[in-house]
Each structure stands twice: as structure tokens, then as C-alpha cells.
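Next come the structures, one after another.
One chain, chain A, appears in both complexes that follow, with chain B as partner in the first and chain C in the second.
Then we have the complex of A and B:
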């Protein structure tokens, strides 16, 4: 029975269909917003590419072939008809005839390996110092905090270049440099977190019960900062990859023929007009990987950061 | 000059033909500067002209092909034929000249209008280093090429030893000194009066490490074994007492074509002091430096009066543009009127109608196998050399002179590496055939004294066998040993060549790590004689086609200690250099250098790669023509000869 003054509108079948499609789109959109599927897919794809590179890469990444130098890729089949002696390369070749696809694939191994090891070292050192500074406070906190302040004011690129010239570029020196770059941001964030955690009741109770400082740090404080560590590590990895690419571009990273993406960009920049693919594909790879890591880092911060959870 | 030279031909100079000096009908065809006709006239090397003629021919042909191959109506541009750079194709070989002049070369792309105001020019240069006006503070030699400083002699089409600041010179019969007479009326910049012999003596002594031990000039070490303190005899006369006479004195050391040094005003130094001189260049050239800012720009202003020639160009702005592609972009947009570029970019711009020119200079790229410091005493002072630690790493290419087995093994390794470079393919594929294979550094196949027995064949199989015999068999991972190779990051030619050579050596199981960083960082190790990393480089006289009878390779000895060295010190080279320097008979000098070539080939201390012309490109809408003089060290000179297009 209709209520006076009130009308009941029944949606037409078309409108109903449209609104259900719209709802479906919204649901899909919401799903993608909630879960970082696209960056995860990119990251997983790059990791898989890095793992299978030794078997799946079509060519030896270091093999030069002057007959195929600056050869274009699949987009210019005419070139291969004009140069029948040249072998086919999907993404083309660099100025020394090296296959771009193979080098990009192997370069993923380099980037991921270096950044993972560097972040692991930096995370360990930074977390330990942050925990100590936050828990013990006073002179320990002063010393560590001031050391971090001084460290952050040093020009990293300049120091890195000097170090590689003195000690010669290589994997070891690069890992040391990137680890030195990675640790400081952990210290500050962990310290801030610990300053809050150490006033909690369970920490005070542990203290009253006679637990040692190390026990409290290991058993009570460290678990409390794990989320923060994950967030920082995820965000930092992208920056380390960019730092490695920058150093390689400047000649202070891994020496040739190691297929570091930054080095590939540097080697191809003289041929930007004539063979853009030498620079484009490694550069685009850097963009993809760093973007994926940054999006994942943002997502993990939204999901795991206790401060954001409290606010929500 | 009795007792110094044996006459090669009787009679006077009869004619100049095709840029070669002919003595009484005998075509000396000695492609070097050292052969002498009576009267001290040298023979011009026409082979360098021919090489650049080939380049110009290739560029012209490509330009014609590009123009004919397109669909667009060709734009009208200044035809190549109207350009007359000094390395003009026309005078080199008639057939090439015909190709160059036959048809105007319309470019597919309209040349840009220059953005620099008329009467001025903008050059995009690869590097603007520090520019002190004091030799001992490393005053840059480039001032000689840019028309700022002047020197004793310069080259011309007819005479490789054309008087410049010097009007006359004599060499003492006992080779104890050189006496030079300077011309009158040469004025210093900034109103510092007329050039005198005292200015020249002071400038030379300030350069020479034998007189000024703290000098860090590029020629400090080269002059030290040759010259004692110069002395001004009167206003126009100067003596240079000699420690040793080198036949290249006039044609190279004191010539615009070679290294040279800057002649600055002693009066300015006395009045203003050393610190002021470091910031101000007071010289005598047709251009004066009004601004020199390292890694930014140099402003050259033409002198309104000059003893020789007043330049048509009022101002030249030389900008620091280290990125080659940025230089290309500036050329394409008209922001720059001239730029030195890599071969690939020169070829590309030539198809668009730009003019490629130069002094005939080439990069002769080779790989000095660094670390072979075999001398034990200083060649000049006699003191014992400190070689501690140099042989600690037992490098495969480095021979320890105290261990003959090690020397033999290292020689085998170097010979293997020399045979693993496919020079012909590199020249063809990487440099579009404008480069030529080079088998050994410092000895050039273009020379008529060249013998093909000094060619290392490309034979990777033989190279691998040699490495096996040397005890470097392949491990399970296919690698025999690892080695570094330096290819400077701020020179695209060396950057690329090092990667190419590394790729070739990897194919025979040598794991090469290529180090790329700036040359300025690397150079001190060469001066200190501590470098043991092979280098892709054009080392010193490798810059030009050194005449076969010239004494050579002194930078590969301890003679130049205190100055630049080519990463090794070899007693046999020192011994030969000294003998050749003293030998008045050119034929005997050639014989001695043939023996040196045999040694150099056998030891494989400097496997060659390729020779690549070093040229610049300019916009014909800005520069109508530029007659440069032949040069070994720089790719430009004599900017006062620029004829502007507007």
C-alpha cells in the first residue's frame, strides 16, 4: 500500500543493469585498491625473470657481436632483411652488439641481489642501533643520534665515487656503499618506535621482574617494531636500486660487462638518437621495479604501520 | 748544417707538388717530417691528408646517397664543394676532388640558422679545464690551437717548419745549443708591450722541469731531458743550451703542430705576480682570453691589431658541453656553430650538410700493457728507481725483469692478446670504414717504411694456444684469468674501444673488467709510474703519424719521469731513443727504428686497435671556410683564418 505523499520508484531494467555493472567495476576497483596486485605482479615477474635468466636469456649477456651492433628489435624487421648476416635480437642490441633482452634479464639479478643484500645488512645494523638508542637513551642515544645526523649530511655520491676509485669498482665495494646508505633511516624510525614501546606496561613489568636490557630488547621490543622494519625496508629497496643505477651510470658501480641497468643506460646514452633502445629498456626496467617496490611499500605502510592503524 | 745531416739529394728545392716537397726531381715520398732537403726543408706527410681525404670522400658519398634516397624535395644548402678546409679533398687526390666538386650536396634537413649574433661564433667543446696563464701551473696547451698563444714554428702546405715567432734559427755544429731570433713588433695582450727573447726564455724555463722542478706543465717531463735553462742574449736572440738534441725540435716540440708551450709576458709576471698570472693569460695570439671559467666557458676576443693577421671573427664563445649528444643537439638547433664529435655523429651530420674538417689529426688507439717498469735507474739523474710493490700482484701481462721465465710468460700473454683483436672488423663495423687497422702503437701502416711482418693476424685459436702454453688454461667456467682494462669515461672513442677490445678478449677466456672513470682521475697514476692497469689510449706521439726516422717512445722510458709516462719503462726503448736522437743520418735512424719496431712487435707491449680521424663539424651557415694548418696534437688551429658566412 502506497503511503500518501510517498512514491515508490522501481528502477527500470536498463538502469538496474547499469548500476550492477557499475557496482562490479567498483568492486574490482576496490579489490585492486585493497591489494597491490599490479605492483606485486610486476615484482614477481621481475624476480622470476632474474631467476630464470641464466637459462632463458637468448644470448650470453657479455658476448659482443660487432656485425649486429645497434641492431633494432622486433619493431624493425626491415633492418634484418637489409642485414642478413646479423642475428635477430628481440629488443635489439647495444653499441657493442650485446643482446639487450639478455642483459636486462641478467641485470634484474644484479639489481635485486645487490639491493636485497644491502637492505639486509642495513636493516640489521640500523635496527640494532635504533633499538639501543631508543631503549638505553641518554648518552647512548646522544652518540648514536648525532652520528646519524653527521652521516646523513655527507655527500653519498661523492664518497661513493672516491671509494670506488681508491678501491676499484666491484661487487664488494658496492655492497658496502649501499649498506652504508641503507642503515641510517632504520635508526631514526626504530628509535622513535622504541621510545614509545619502552613505556608500555609489559616492558615495565619485565624490568621489574629482573629481565636484562638485552632480553627486553630481544623479546619485547623487537617484535613490536617488526612492522616498522618491514615498511621501511620495502620503501628503501627502491631507493637502493636507484642509488645502484646512479653509481653504475657514473662509472662508480659495477664494472662492465656486468649488466647493471644503470651502466647500460650510460653505455647507450651516446646513441640516443640512433639506437634509443639501448637506453630505453634498461631505464624502463628501473622505472618498473622501483615503482612496483614503492607501491608495495606504500601498501605495506598502510597495512602494517601501527600509527596509521591507531588513527583509523 | 755540416756534420748533422747527410744530403739526401743534391740541388735546390725544385717544386712543391701535391703537398710533398720534391728535391731535384727525387720524390722523397718519405711520409714524415724528418727527411731534409738542403736548406733544412722538411717533407710534408701527405698520407694524413689522404686519410682525411678518404673520410671526406665517404662523407660526400653518403651525403649524395642520402640526398638521392629521400622522397622529399631536397633543400638547397651550401654545397660541400665551396668549402675549403685545409684538409681539402681537392688537393689530396684528383679522383676524390672530382667527387667532391661534381655535384652540390643537398641535405635532407634544412641547416639551422645560427643563433649566435653575426660576427661571433659559439663552439660546443667537450671539456673546459683549468686555464692558468702560467706554464708551471699547467697552462693548457689548447691555447695554441685556439689562437691565443703563439710559438716558434708552424706548418703550412709548403713548409712543415714555417717561421712563426722565430725568423731564423741555427743549431750549433756540436749540437750543444740552438740559437733563435725572434721577430719584432709582436705585442702582448692587455698592453704588456712587445715580445722579447727574455719573455720566451722565462716562459720556456717555467715550463721545463729541468729548470723548474715544480712545473706541472704537460711538456715538463718532455723538455727536461732535452733542454737546459734558456738564456736571452739580446732583445731578439735567445739560446737554448741542449742536454740532447732531438731532430723533432723544430717540427714538433716547438711547432704549432705538436705539443708546445705558452709564451707569456714576463713583465706581467713581474708586475702582477704568480697568482694573478694563474687567472690571466697574457700572450700574443690574434685572440685574447677575456674570460676563462673552468667547466663553463672561455670567451676569446679578436685583437683589433695583430702582427700577422686580424681575425674576421670578433668573438668566439667556447662552451663546456661534456655530453656529446648535447653537442650534437646544439649543432642541430643552431645554438652551436662548431663542435668536436665522435665519428658516428660526424658522419650523421655530414649527411645533413654540415662540414667536417680538421687538422689531419687522428686518434691512434692502442693498449699500452701497463706495469712493465723494467728500468732500474733514472735515465736522466741516474738515481735508483723505487719499484717496490709494482710486481707483487704477478699480473699475467706484466714481466718481472728479475725473472726471465716470468718475462717470457708475460710476453706470450701479450702476444696472445694482440692476436685476439679483429681490427679489420672493428674498423669496418664500429667506425663505418673511416678508421684504419692499427697493429702496434707508435708505428703506422700508412708509413712507407711499414713492413707487414709487424701485423698481428687476427687468430683467436693461436691466441688461445699461446695462453695455454703460458700456463693460463681455461678453468671449468671458461676463464683463464681476470684483468682490468681502463677506458676513460669522458672520451667516447676510448670508452667504446675499451668495451670492444674487452669483448674480443673475453672470447678467448680472459675475463676483462672495464673500468670507466674520468681521465683526470687516472692521469696521476701515469705520472707517478704506478699504473699497472692496461689502458685504451692514444699515448703521446701516438696522436699523430710520427715520422719513421724520428726518435720515439720516450714516454715509455724513465726519461719523462716527473711528467707524463705511458705506463712502462723499457731499457731497449731508452737505448734506441738515445741512439736515434744523436744519429745525423736519417737512413740509419730508420734502420734503428726498424729494429725497434721488431722489438715492439715481438714484445707486444702496445697492441694497436684502429686509427680514427679526429675532426670537427661546423655549420656552413655560420662558417664559410676555415683553412687550418696541419697538426698532430689538436683537431683545430688557426681560428684567425675562419671566413664567416655572415
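Then we have the complex of A and C:
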């Protein structure tokens, strides 16, 4: 069961013969690598924050308070003494006077929702195409592989930017773009997996027994690639979140006043010198979320399919 | 591979035609164009022909270097691109040097000094590199080093010194190259580390040790050289990734390159410019991938191409 990443991680003396003083630290590191408690806590925490946001957030995320623009947070009580009429904002406000904490909480909803939907769509389409390409082979494989090659030869961000000139920036186009970003990884890896599974005995026997192609795919091949699907999905969600944040930052993602984290960083950029908190907190949330997801992705890869080691 | 480029151009072309009637791109005055003049213009621009023909014509024009004119100030797109591409290339090169120069040695160090502080730090470096968004870390670094400490400039490329390699000029490269190269450096670090770890466990290394060969010789002459194959292929593969990375980094640091031009073109709905830049990037992307394939085949003689 525990085919985890702790392969040869004991505090062994290194090549030059010195034993390490930081063995204890790394032992702790490896414990947390085996059981990803910290990333799981962080992820659960962010999910909970996203769920309770509409009720627990202190302010409405779009409510501007122009008297309290660029207000600092809990670290600068002097400002609040100087401005007694201003309402207290724990993490400060952005240049439009909107509360940062509330926007970060609602932003978690946005990020999680979009990336989940995108990975789900990408997973479904990518797996279907990968299965088809791997199983049916020849022409079908050629066509699908060519499509993937063409797509991978396009610089994603620029295509996304053009697409948002052509179509209005919004949730729908963003979801389409992110799904397109997600699908190609699935196709290639599932196809490779199917190519190897296809030659297995049980598949050949099913074929001899007269099973149709679709039956074989559904009943035999699909369960065989489920592990790979899970690993790829968990490894790629982080990338999708970063892509969504980047597009929102560039103005090609969700439009204002949606509290998308990337957009918040962009909005706070002008006042970086005066009010660093507008850019810091949303960005830091992105880092936390993606790091937690990456850790969990690595852990799931080590646990479910260590052959994918070279993937990331 | 060539087919991919053609397919990519087809996609870009069809996207460009989706904005609606392209007549307004070429006619200098949209108003007051009588019906006959409009028809004549259409015929001249071959807009009455089927879409495939238009595509071929456009492709021919592009191949000759005619990318049209920008919407904003009617400059030729090739001129705009030509101005900016050098700056982007310089930044990309600086970032690549950083990524290889920091990522690979740290990977070796991390593998050799396996349970030490170096390993710990290197893995933190790699983690951050893959999880932090470039725009955020760029802005935070600007805040830290330019606004608070005042050590480094907060953007642009111009130190305005005449000598191109003066410190005043070079210091503008430091932060953008760091941000652009961090992600790839993290990737190189991980793969070098895992390759080194694998090699260090192998028989011939143990034999060399038992023979009494010095540690440094073992690490560099025996282990490192053999561990180079995966890192080199990754380095070749990520060359293309620098291209898309420049879009964000240039925007953050106000770097006068193709990436920031692309961003402003998006804001201005400047279609011809955007299309031109994307085409250039597609070609560069394809070239980088081709180079990667060639390098891969060259480095590992076991690979044969049909």
C-alpha cells in the first residue's frame, strides 16, 4: 500500500562521506511528504473559505468604499486612529475601497470553481480522445495526434489573448480556453497507456471472445487508465489555476468586478508603492493553493502511479 | 512539424476572421464609402473569394513579410516587431543563462549533498518556482528591491549608458531574468537532481569509489556527464516556454519587448499587430521544438528517427 515517495530518504551519508546535520529536519520533511497533512489542511482550509464566503465575508466583495481607498490592514493601527470614520478592514482595501479579505475569500470560489470545471471537461475529452487514439490506431491515431501537435505548437497565452479580443472576455471563453489547455496532456499520456495495455492478454482474450471495441474500452481499458487520469488531473490543476490567474492579470480572463485573484493583483499594481497589500494577499493565496495542490499531486503520483515520475 | 505550423497559421487566420468584416482593417475611412467603392475594394482585397482562397493569399503575403499595418498608428507590423524582438531575445537569453546556471548546479548539489541544508534550500527554490505566478513574484520583488531597498531598478531596459555592458545597464536585466528563469530553473533542478541520484546509485560509481577515485572526479567526470541526458532534453524543450513567459514578465517590468507589445495590442484590439506577433511566436516555438528534437537525437545516440 505505502508505495510512497520515501524510497531512499533516510539520512544516509552523502558521497563525500559526511553525515548531515540536517537529518532531523529532512526526516520531518519526509514524514510530511508521506502523509501530506499540511497541503491537505491548506487545501481544505481554502475550500472551506470558499464555501462559507457568502456568509462569513465581512463585506460584500463588490462594495466600494471610496473614503477608505487603499486602507491598510491590522498591521497599521495608526492609520485607523488618524481616520476614525473609516471602517476596519482586516487585510486592508484595494484602490476602489473594496475589502481585500472578502475579495480573497470570494476569489477562492472563483479559482476553485473554474479550475475544477476546466479539468473535468479536459479530463473527459482528453481521456476519450486518448482512448480512441490508442485503441483504434492508424488513421484515428494520426488525426488525433496531429491535432494535439498543432495545439501544442501554439503559444497558449497569446492564443488566449487573441480569443478574448475576438470573443468578449468572460467565464465561458475562459472555461473553453482552460479546457483546451488541460486536454492535451491527457490525450498523450492516456494514449501511451492504452498502447501498452492493448497488448495485454486480457484484452486480446476479450477480443477473441468477440467483445466490441467500445465494450473493451469501457470495461477493460478505462479502469486500467483511471490511476493515470487521477494523477495527471491532480498534477495539472495547479497549472490551470496559474493559467487562469495569469489570464485574469493580463485582462484576458474574468472581467471586473469579479474577485479573481489574478485580476486583483493587476488592479493593485498601480498603487504597489503605497498599498502593497492589494497585490500581496491575492497573489499569496494563489501560491498557497497551487503549492498545496502540487504537493498533493506529487503524493498522488507516488502513491498511484510512480511510473509517471518523469511527468512533472 | 511543418504541418503543425501550417495548422497553427490556419487557426490564427480563422480567429482573425471571426472579428467580423475585415474590410475596416484596410479601408482608411469607413464612412462615406459608396456601395460601388466598397464592392471595388472588396474585389481588390479578394474578400469576395471563398475563405480558403483568402487564407492562401494571406499566407503568401505573410511569407513575403507583409504583415499589414497596426490599427493604432498605421505603422507596418514588421517594423514594430523588428524593433522589439531584439529586446525580448536579450531578456530570454539572460533568463536562460540564469535558469541553466542556477538550476543545474543546484540540482547536482542537491543530489550530492542529499540531506543537507543545500538540499533543503534547493527544494524550496524548486517548489516556489513551480507554484508562484510570475506576475506576483515579479511585483513583490519590485516592491522589495526597487521600492523598499532601492537596490535595483523597477523596470524598463534602459540605463542610458553608452557602454552596453555597464553595470547600470545590466542591473535592469537582473529582476526580469530572475522571474522569467525561475520556473524553468525549478524544472532543471528537479530533473538534474533525480538524474544524478539515479546515476549515483549505479554500479560503476560504486566501483569507482571502491577504486579510490576522488569524490570530485566521481561527481563531475563520471556521474554528471552521464546524468546530463534528461536535463539537456528538458532544457531544449523549455526553450519554447521562455517565449510565452516573456508576455507576463515584460508586462510587469515594462520591458520594451514583443510580450508587452502583445499585451497592449490586446487592450487596443489591435488585430493585425496581435496576429503578426502570434505568428512570429508560432514560428519561433516550432523552431525551438525542432531544435529540441535535433538536440535530443544528437545527445542520445540511442534515439533513431524514422
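Quick note on the criterion: the second predicted complex is superposed on the first by the 275 of 312 C-alpha atoms of A that agree within 3 Å, B and C clash if a C-alpha of one lies under 4 Å from a C-alpha of the other, contacts with A are read in each partner's own complex, and residues count from 1 in each chain.
By our rule, a contact is a pair of C-beta atoms (placed from the backbone, for glycine too) under 8 Å apart; a residue touches a chain by one contact, two chains touch by 3 or more.
Just so it is clear, the model here is predicted, and its values are computed rather than measured.
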Worksheet entry | Partner contacting more residues of chain A (chain B vs chain C) | C
Discussion item. Tell me the contact category for A:40 with respect to chain B and chain C: first, second, both or neither.
Written reply: neither
Fill in: First (chain B), second (chain C), both or neither touched by A:165
both
Discussion item. In the overlaid three-chain picture, which partner chain does A:276 touch, first (chain B) or second (chain C), both, or neither?
Written reply: second
Worksheet item: In the superposed arrangement, which partner chain does A:222 touch: chain B (first), chain C (second), both, or neither?
Response: neither
Fill in: chain B versus chain C as contact partner of A:96, first or second or both or neither
first
Item to complete: Examine A:251 and indicate which partner it touches, taking first as chain B and second as chain C; both and neither are also allowed.
Response: both
Worksheet item: Should A:287 be classified as contacting the first partner (chain B), the second (chain C), both, or neither?
Response: second
Fill in: chain A residues contacted in one complex by chain B, in the other by chain C
161, 164-165, 251-252, 266, 269, 272-273
Worksheet item: Can you list the chain C residues touching chain A in their complex?
Response: 1, 3-5, 7-8, 11-12, 15-16, 18-19, 112-117, 119-120, 127-128, 130-137, 139-140, 142-143, 147, 190-191, 194, 200-201, 209, 215, 218-219, 230, 240, 243-244, 247-248, 251, 262-263, 266-267, 269, 271, 274-275, 277-278, 281-282, 285-286, 289
Worksheet entry | Sites on chain A touched by chain B in the complex | 62-64, 66-67, 69, 95-98, 161, 164-165, 168-170, 251-252, 255-257, 266-267, 269-274
Discussion item. Touching residues of chain A toward chain C in the complex: what are they?
Written reply: 8, 11-12, 14-17, 20-23, 25-26, 29, 146, 149-150, 152-159, 161-167, 238, 242, 245-246, 249-252, 262, 265-266, 269, 272-273, 276, 279-280, 282-284, 286-287, 290-291, 294, 309-310, 312
Worksheet item: So in the complex, which bits of chain B are touching chain A?
Response: 323-325, 328, 342, 344, 348, 422, 425-426, 429-430, 484, 489, 492, 496, 499-500, 502-504, 506-507, 512-518, 521
